[in-house]
Structures are given as C-alpha cells and as structure tokens.
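Letters are used for the chains, namely A, B, C, D and E, taken in the order the chains are written, and counting of residues starts over at 1 for each.
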C-alpha cells in the first residue's frame, strides 16, 4: 500500500532522513521505533506531505505522493495524527472533528463518521462543546485520533499516541489501534513505548540517526540484539 | 559585552558627530539633523519596550503629555522647563502606570495591548483638543519667548546648541538601551514576551517588569516630546498624538531594526531623509506622489527586510547561525494545552 | 548680477486642508505670480518656489525653513491654515525674514505677538464671526420680527483653529447684539456622526445657526439635519467649506440655496464700479486663467480670489515700493514698504483697502481695513447681501416657507 | 430636579435611536474587520482605506458612468473583494511567518499608499454621490433611511457571516487556520486558497460597507481616518473574532457617542467612548461576551 | 512543609479540582498520579500560583500562599516544571537558567544567579556553555532544561510535571535517578506527576491518586498499587508491573 524508496529529507541544511526504504502493506500494522531525535517524526511528516523529501519516492497505492500537493494527500487515504496532537485549541471538539472531515469526499459522510468516532470515544461526545485547548492530555489525544478518523482514511499515521497518557488510557490507545485495524485500517505507528507497541504491530522498523537500522516482525525485533543494545539500552 | 574595537568605533563616531556642526553649517541640514536626533531618541524610547513585543501605539500620547505639560507650566505659571520637563515626564509616567498596571495585571497582550494603547493616544488627542482654552486646541501651542535668561527657559536660537542638546539626549537614549540590553531585565522581558506563565514560574514578577520598562519608555518619550516642543517652539496635537505619530514611531523602529541599539536611529535617518528627499524631489510637480512612493517603499522594506535595515545588514555580517526551528515552535506554542 | 526676488510659496496641496480651500488659494496666488513673472517688477525677475505643506504644521515648518535657509528665498508667501501660520510666523520673525500671508485667518496668529516682518492683508476669523452677527443684528427686527434678546442663536464650529476663532467672533458679536445664545459647541471635523449635535440643535430651537466647518462635516451636518428634521430660520456659514458652493450643491442639491456665507468677497462679485479701474482687467485675467485650470465651475470659489488678490497687493504695491523707495528686496525693505501701504477701500479686488497696524499695536501686521462680506447663495448664484455698501440684492431671510429647513 | 428631568424628553429618545442607527454603521464596518483581524488573526490596519476605495468606486460608477446605484453596488463589492485578495497576496502572504507587528506595519504602509493613491488618482476634492434618500418621520422624530439600510445590512451580514463561520466546513477551516497553520494540510485544506477566500470575503464586506457609507458621507482620501480607529476598538471590545460581541460593542460605542454628545459636548462624547473602552478592557479583557477566567 | 486543605478549582461550571487536602513532609518525594484530566496539572498550577484557587488553603512552611502572585510563591521556595516544556527560545540555554536563578532567588546578584545556573545545568547534565542555543535541544534536552530552570530558583519544594514524557527508556532511568539525587543531595522535597508507573513507583516515598478532581487514594506505593479503585480508574492491566516496581522500591529502601 505504502512504499518509500530511498527517501531523504531534512530541515534547511540539516538532513534528518537518509535513504529510507519502508513498506506498509494493506491491513498491516507497522511500528517505527527509535531513540529521541532519530527522525521518526520526520518520517511521518514526509509521508503526509508536511515536508517534502529531498530525494526518493513515496507511493500510496501506486500514486506518487511526492507529486501530490500536500492538501490533496489526505484524499489518497492518508491521515496523520501528529506529534503533540496539534489540535485547534480554540475550536470545540465538534469543530475539530469537523475539520477532520474537511475534504470534499468526506463531507458527505460527516454524520456517519461522527457516530463512528463517538462510538470509539464516548468521552469526546460528553465534551463535544468544550474548547479543545482546555481538555486534558488524554482527552486531547482522543480528539486528535478522532479527527484523523473523520476523513475515513485507509492508512493512519500515529506519532507517539501514548505520550503523556495514563496507563489505562495507554492500554486503551493500543487497544484502539487493534480495533482500528480490525475495521480494516492500515496503521503506521511511531512509539517510544517499545514493549507495548511491539505487542500490537505485526512488523517494526528501528530507525536511528535518520536511517533504518533494523526491521522485522515484532517477535524478531523483541529478540534482536541490535534493538536491545541500540535502543533498550540493555 | 562591548569589544575593544567597537568601543573605539563608537568613540570615533561620537567625536565626528560632536565636531559636525562646527565644520558643516548649512542651517537647513542642521535643522533636519536636529529633528533626526530628536526623533531617533523618541524611536529608541519606543523600541525599548517595543522590542519585547510590547507594541504600543500610545507613545504619541506620552510625547504629547511631556510637551504640553512642560509648555503649559511655562506659559501659565512661568515654571522653567528645567522643572517642567521632569514634571511632564512624571505626568506621562503616571499615565503609563495607570494604563499599564491593569493591562499587565489582566494579561492584556498582543493585538489587545496595541489597541488599548491606541485608545490611550486617542484620548490624549481628544482631551488636548477639547481643552482648547488652555492648550490652544488644534491651533497648536507655542511656548512664550523667554524675556530673561535663555538658559533658564531652555530656549536657544542657535542650531548648533540644539544639535548638541539633541545629540546628548539621543546618546543618553542609546546608553539606556544598552544598559537594559545588558541587564537581567532583558532576560526577564524576553522571557515574558514569549511565555508569561513560564516567566512567572521562573520567579519573574511579570507585572512589575513590564511596568518598569513601560515607565522607562514613557519617561523617555515624554522627554523627547518636551525637547521637540522647545526646539520647534510649537506643538500641535497632530504632531504628537493620534495613530499617525505612533505608527510613524513603530515604522521607523522596525524599518531600522528593532533588536539593535542603532536600529531606531537608522530608521529615523532613513524615514526622515526619504520623506524629505521624496517631497523635495517630487515637489509640487507631482503632488501626492512622494507619500505614495514612501508608502510603497515602507511596505517593501518590511516585506523584504523583516529584521529591519540595520538588523539585516548585521545579520549578513555575522556568521550564519543554525537553521531556526522558529516556524515549527510557533505552531507548537499555539497548540499548547491549558497546562 | 541679475536682480531677482525669490518667493517661497507654501500651500496645502494634499491632505484634508487641500480640499478645504488651500489648493484653490494656491491656484489664485500662482496665477498672479505667473502673471508678474512674465514682466518682472521694476527690473526684478520674479522666481517662485512652491511647496506643499501636506496639511501638516510640521511639514509647513520644515518647508519654510528649507525655503528660507536652503533655497534662500527672500520671503515666504501663502499659507492657508492658521495652525501652520503660527509656528512659521514665529520662525520667520526669529530669522528676520519676510512673510506675507494670504489666508490664515485666525486672530491668534497676531494677537500680542508684536511681529515686525509678518503681514496679513486678509480679514481675521473673529471679524468673520462678528460680521455675520452684525448682519443678523441689523436685520433681526425687520426680518424675524424679534427683539435681539428674543432671537435664539446657535454657534457651532469644527474644533480646528479656524472654527474656534470664528466662533469666538460669533460669541463676541452675539454678546454685543444682545442675542440669546442657546448653544455653542465645537466638534471634530472627522467625527463620523453629528446626530447628537443635530438633536441638541432641535432641542435648542435656534432662529439662526452660525456654523463654521469644512466640507465633509458641513455636508454631514446638513444631511443629518435634514434627516432628523431640524428647522431654523437662517444658516450663516463662515468661509472654508461654505466658500465652495460646488460642493455644497453636490451634497445638498437644491437645499444649498439660501445659505449665507461670509468670506472676503469673491473677486468676480465685487462691485467693479467702486473699484480701482486697473483691477477689473486683472479680475478678468484671473477668471480666464482659472477656467483654463478648472473648466466648467458654476461659481468660482472665493478662495481663488483671496489667493489672487492678496498676492496681487504684494506684487503690485508693496514690492515695487520696496525696490524703488527702499532699494531692494531684503526683509527690511519689504517690511518698510509694507508698512507704507495705504490702499483705500475699493483699491483691491476684494473691495477692501489695505493698511497695516503698525508696531506696538496688539495686532501689528494685520490689515486694519479688511472686512469680509456676507453673501447668499440663491439659485446657483451668489450675491453680496451685506454690508450695505457692497450689497447686490436684498437678503432672503428667514428661509422661505416650504424649503427643507424652514421653521416658518 | 426639573433640569434633571428635562433630559428625559423626546430628544433623548431620538438620540438613543440615532445611536442605534449609528451603531448599525459601525457594526457593518466592524464585521469585515472582525473576520480578518479576529478570525484569521491577520491585521489590516488599512481596512477603512479599503472602504474609502470602495466609496470612490461607487462614486465614479454612479457619477461618471451613470449606472444606477444598484448596479454599481455589486461591482464595487467585487472590486473591493479583489482588492482584499490582492492585499493578502501581495502584502500579507509574504509576511505570514513574520512577527505580527510586521504585518501590522506593512498594512499600515498600505494605508499610506491607499491614501496617497487616492490623492493622486482622484484628487483632494470631497465628493458626494448626491443621492438623497427619503426620511422616516415618527411625529417629532426623524430618522435616516440610509442609516436604517446600513443597520439592516449589518444585521443580515452579521447573521450570514456567523452562520457561514459556524455551520460550514469552509467557515470552520477559516477559524482553524489562525490556530495552527502548518497542520491544515493534514486536514486536506489548501491554506493559500483559504486565505484568499477570507481576504476576498473581508474585502467584500468592506465593499458592502462602502456602498452604504457613500450614501451618508462625502468621499475623500482621508475619510478612513473618521472610521478606522473606532472600528478597531469596536472589534476588540466585542472580542476579536466574536461577531455578536462586535455587533453589541458597536451599539454600545454608538450610544456613548450619541448620548454623551447629547448631555455634554460632542468631543467629550468621544473621550467618553475611548475611556469606556479602556475601562472595559480591564473589566473584560477578552471582550464583552467572554466568560471570565 | 506543605499543607493543602480543601483546595477547589472551577473553570466555569466545571470543577477540575474538588476539595483536595494533603500534606507533604520535608525531604519526601510524593508521587501524584491519576487519569488524564483528573486535575494534577491544575493542582500544580495552583501550588505555583499560575492559577488562583477557587477556594481552599495552601500553607507552605506555615505561611498561606494560596492566590499569591506566582513570582512570590517561587521566591518563597517552590519551583516547578511544565508538563510541556516552555523554554524561552530567544535566550540561550544558559540565559534561560540564569534568568530563573536571578529572579527565582529574589534578584540577588548576577554572579550568584550565574553560579546557580552552572550548578543546575551540571546537575541535570546539560552543557554549561554560555552560547548554546535552545534550538539544539531535543525532547529530552527540553525536559532537562525545565528541571534546571526549576532547580536554579533554589526551591525547597519542587513540582515536577511529567518529566519523563517523550523520553526513551534509557533516558527515563537517568531522569528518575536525577530526581532522586536532587532530593538526596540538595534536600529538596518533590511532588512528582508521572504516568510511567514502572519508573515512578521505584522512586517515590508516597503516592496520592486523583480522579475527577478528587483524591481517591493515598499511601505507600505498594498499598496504592494494590488499591482496586486505583487499578480500575488508572492502572488497568499495568497494575502488576506497577506492583512489582513498588515492591522492588520497598525492598531497596528496606535493604
């Protein structure tokens, strides 16, 4: 479904990604792990078009993502839950969700999608008229995921969804990832919480200093020495 | 942290500036120079708070108060400007505190602060006009000519004297700028301008720091006003109050460069010379074109040299800094939840 | 070395005052200066340097300083706004240069200043105010059938230098005539709304309104007055906006008729029979030149004539005398020549004479013989109705029944 | 006592109603500015000057081309909308990432440019459309038809803009854009287009105001000075971006000017309005309708 | 040293903190946990003066500080970090901390502030180089900077809000050690808000749990980790690991 070939990217003169190759197949859940500043977020941004790669190609179901204008990339079925959530703090929860369904294709199904999201996150329904900026971290994370789901994406990019959440909620989030998958969505997820994430994904990539260091199934990764020494600091 | 080299450069520059009126005596050019110095001082005064994101459009009001209080005291009560100027400054200071305190206490910042201060200068303008029986209203106000001691009355016919006075005041402004720049207050104010809560959590008394800088800025601006009226021997509400003057201050400061000490001065030199040259250049042959071109140039300056002329030049000279992540931070800041 | 006099001419060509009459004054002055430049005066070439004060006092100061000190002009001439004349006159005096004001009507320009080098042939603002009051006072019994103490007058004015000065004259005149002043109030010419003022006028029920203003505020006031149903017996305007009939007409249509205005007489209306015979051809010339610049204007504004006539007095009377009698165009020669001026009534295009108050008098430099006249606009024509000596027709007073504002 | 009661007469009522009508004019002006200033958080100090250009457009279309008022109006609205879009494209867009003060200044420069452009292009004359609308009379009280029109336009405009902003996807996106510009692309929003739409809309509202103001005021290059500052204050008093607040603030201001002018001098009415603004800023810093923190 | 009673905070009609009372003893590390939105940060905001309480009393060292201006509270000896780092980007790293050292200690001398800055930076392991820019810091660095700023104010009580969020596991362990060092070496009392139970339970002496703005449990880590209500609203399936961590901590402190 998603194919990255020798993708390099950076900020100004600073290069953050080096020749990254990555594949996500339809229906899969894939994890990306790696230490701070490894370039995980950059990877997500490059996929969703927030930054442009300096080299390499990205294809979503055969369509050239790099050639698509950033605001059209959602229409390809890619939804990105950014790091730090990035909600619209002065808009209500409702309006934030509405923004998620901004695309022409999604507007028609607005009501349906809203039901789906409220079904997943009853808390959001309770707080639908609250300003997003005044909600707690966990509530905001739900809202951010909900917003991304509003566009009815095929591929969901999650950037550290568990950061700053209470343990139960972290479990819920991972639970959720499973449920989202069960609905047929493909998920690409960046996480610090390695133990947890490896439980929900099929495969994972280890990224370090902007380059893929290792990849494999969850079990392989857990067992891998590279992962252990490079990342778990064992 | 002024290096040896810079100190020498400053000393030479200053010596040249002091010597100038004794060598070069064209009266009109001296007149323009005096105006440039006085306005440079006013703009510097503005920038002392403006550089910390405290964008005031009320400084015309402070200037007006400094000018009018001094002139009124002189004309009606015969109080010497030597006393009148401090009184005028004090009056402006009190006003600054009266408006500033609640503003800062209740966290009125950004656009809101700009507009509250705009209203302030509006009020000063209206009050000066409405109390025309004392202030001369829109006809303007002229300090009475001194019959006795010129020094006591701070009235001089000689442009060189005025040039030196203006130079002194301007220099004082630059010194104050540097003192603040090197003080801990600068850290505090930079911090406040980015994030008031975080500054407070570092122990900064946000309201007091802002009041302090506003007070200094208002006092200096009032001084600029009284020097201006003494030099021109005339003042109208339009010269000092209203949005036009305040905008002019902001313009010059930004065009010159807000974050460098000589920025407002460069701004004054450029805006005043530009306005003069254009006006004289177009003359009465193409009426109105001078302001049109002036406006277009200002817009271009701001678009293409956002750090101001001097600021951009200095940036060129300095070694390239690491690419800034400022654009990203801006968004993250906005998205900050209500912690 | 060639003999010439260099004259710095300062008017407002941009900004709000330009449309308020300054530009028209400039045109009048320029026509005369160009005229004399063709022939020269007593062997002196005439060179005029023009500057635009942009309706700002600071720029007026800067430009005057520049003209005097940089362009080295021998004198400055012109100025429309009193707020500019006050500081410029002080500077000129300080520099001991010569200044000839064509407009700047505020009495504050001269009051007790003791100027030596500053002259103004023009009537002062309080004279305007006194004139209209005098006119009403002389007509109160006949036209309103009221004793002066029963006549209700309202004085309103824009709060700039000009309006304030005229209103002081109004007030003094009303006191002298013994009128019942029911209202006196200033307002800002840029106020977006004058309905409160109109409401107050309605409440005050004045027989006569004395108004001083510029163009946008006059139209706004009268439009709101009409919309709110303000009624009165007469409206007395005092120059500035009221001097530009075109604009009154554009803004008010037929309602502009019967409005009074006081100004120096329009040179095209002045009684040419009592005038110095060499003047009518000049008036004709000014008219023709003006029509070239501004074709198709129904009533040529009095401002043009003011600029022209007052400049003409200088060029035809003061300057020749300075050169011939005092040997040049230096400030002192010009000053002595100006003080010698003694033109009888009828000796200027504006009808009045010229003689300046001398040193030591409170208004030193002011023309003691100038007076404005009261005119009335009737059916797109303006006619002098006061003073009697200049009068061209009987005033229509109060407003006839059936007109928009009539309180009959 | 008598004197005190004397104030409560028909004239007071007239002043109150005239205040409301003036409020309509101010509200109309505040509407577009609120959209630009408050909602997308872009400063247009030169807003009143756009209105001025619109008034000139009306004047010339009606006077010179002899078209009827109602044909001229849509043209004018379109023209000012284009002007608004151009302002964004040429001046604001390059400054979107610059500090807000630079935007403020750049548009302040445009203010000079538009004023002097009008001086150069149209001259310094005061111009008047010369359309005289009938007067509405109720007994001893009379009201301006033109003002009533402005009032209605402001009301309808406000409701329409409010519904647009809250009910439509585009409206919501416009509100979102000032809060996190970068992330808009993730929503599938073309930010450039969105800014252009909003700027054109803001321009169109300025054009609408121009069409109605030209019925009441002379046009001249400096007409913006009469309205500009007060419009800003109204937007802030109402709470930036709060349309209903802006609407109410316009009426409060207008009443203060109107009643203040009635009981005291007109000039003091304005002083009072400004002072009221400053006091309110302290009582309700986030605008009239904002909940207290 | 800190005694809080009946603390309430309402936002509009919503009660974020409802009648919470607790005390903290000198030299203790108190863990403050609870679901998202349960009011932890809000309590911190009130303790540090960023928000004024709706009602209730906060006695710090015997003096009432509820509702005081933040700088006065900071000067009286409370230091705080923010959950989401709020560095001053226009200042260098060193200036950030020196600022806190100067104002946080009641504006003594510049020299003293700079000294405090150097000490705090060294303590958290950031470079003491005077020109290093904040832009160079990653997530972990920013968290450290927050801590250094708080330390530079020479607090007696440190409020640490989610100092671990966004860190990888190695860094988390380092951070936890750091907090313990701060207490052990500088004698600073700490209240610590954290969601990473495995780390928190190992460090704290006592835990307090909030839910919906109310205190639902308080006590030793092992006891709290076993509290069914806490498990239900907060720990979920993490309860076991949490209990294990708490047990390990007890073993260590016991032994």
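Following the convention adopted for this analysis, contacts are C-beta pairs under 8 Å (C-beta built on N, C-alpha and C of every residue); 3 or more make two chains touch, one makes a residue touch a chain.
Heads up on the chains, UniProt names are A = Branched-chain amino acid ABC transporter ATP-binding protein; B, D = Branched-chain amino acid ABC transporter permease; E = ABC transporter ATP-binding protein.
As the structure is a prediction and not an experimental result, all values here were calculated from the model.
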Original post:
In the chain contact graph, what is the shortest path length, in steps, from chain B to chain D?
Top reply: 1
Original post:
Taking each chain's centre as the mean of its Cα atoms, which chain lies farthest from chain A?
Top reply: C
**OP:** Identify the chain pair with more contacting C-beta pairs: A-D or B-C.
**Re:** B-C
Subject >> Distance between the centres, which are taken as Cα means, of chain E and chain C, whole angstrom >> reply: 77
Subject >> For chain A paired with chain B, centre-to-centre distance based on mean C-alpha positions, whole Å >> reply: 50
**OP:** Determine the centre-to-centre distance between chain B and chain E, using the mean Cα coordinates as centres, and give it in whole Å.
**Re:** 43
Original post:
For chain C and chain D, what's the span in angstrom between their mean Cα positions?
Top reply: 37
**OP:** Would you please write down the residue numbers of chain D that are in contact with two or more other chains?
**Re:** 116, 119, 179-180, 182-183, 265, 267, 270
**OP:** Please list all residues of chain E that touch 2 or more other chains.
**Re:** 41, 83-84
**OP:** Mark out which residues of chain C touch at least two other chains, giving numbers and ranges.
**Re:** 13-14, 159, 186, 188
Subject >> chain B to chain C touching residues, read off their complex >> reply: 26-29, 31-32, 35, 126, 129-130, 132, 136-140, 142, 157, 232-234, 236, 238-239, 276, 279-280, 283-284, 287-288, 291
Original post:
Contact residues on chain C for chain D in the complex?
Top reply: 13-16, 18-19, 23, 159, 185-188, 190-197, 199-200, 202-203, 215-216, 219-220, 223-224, 226-229, 247, 250-251, 253
**OP:** Would you tell me which residues of chain B are touching chain D in their complex?
**Re:** 50, 53, 55, 99, 102-103, 106-108, 110-112, 114-116, 118-120, 122-123, 126-127, 129-130, 243, 247, 250-251, 254, 286-292, 294-296, 298-299, 302-303, 306, 327-328, 330-331, 334-335
**OP:** Quick one: which bits of chain C touch chain B in the complex? Just the residue numbers, please.
**Re:** 13-14, 50-52, 54, 56-59, 61-63, 65-66, 69-70, 82-83, 86-87, 90-91, 94, 106, 108, 159-161, 164-165, 186, 188
**OP:** Enumerate the contact residues on chain D facing chain C in the complex.
**Re:** 9, 11, 14-15, 18, 21-22, 25-26, 116, 119, 123-128, 130, 132, 135, 137, 140-147, 216-218, 220, 222-223, 225-227, 230, 254, 257-262, 265-267, 269-270
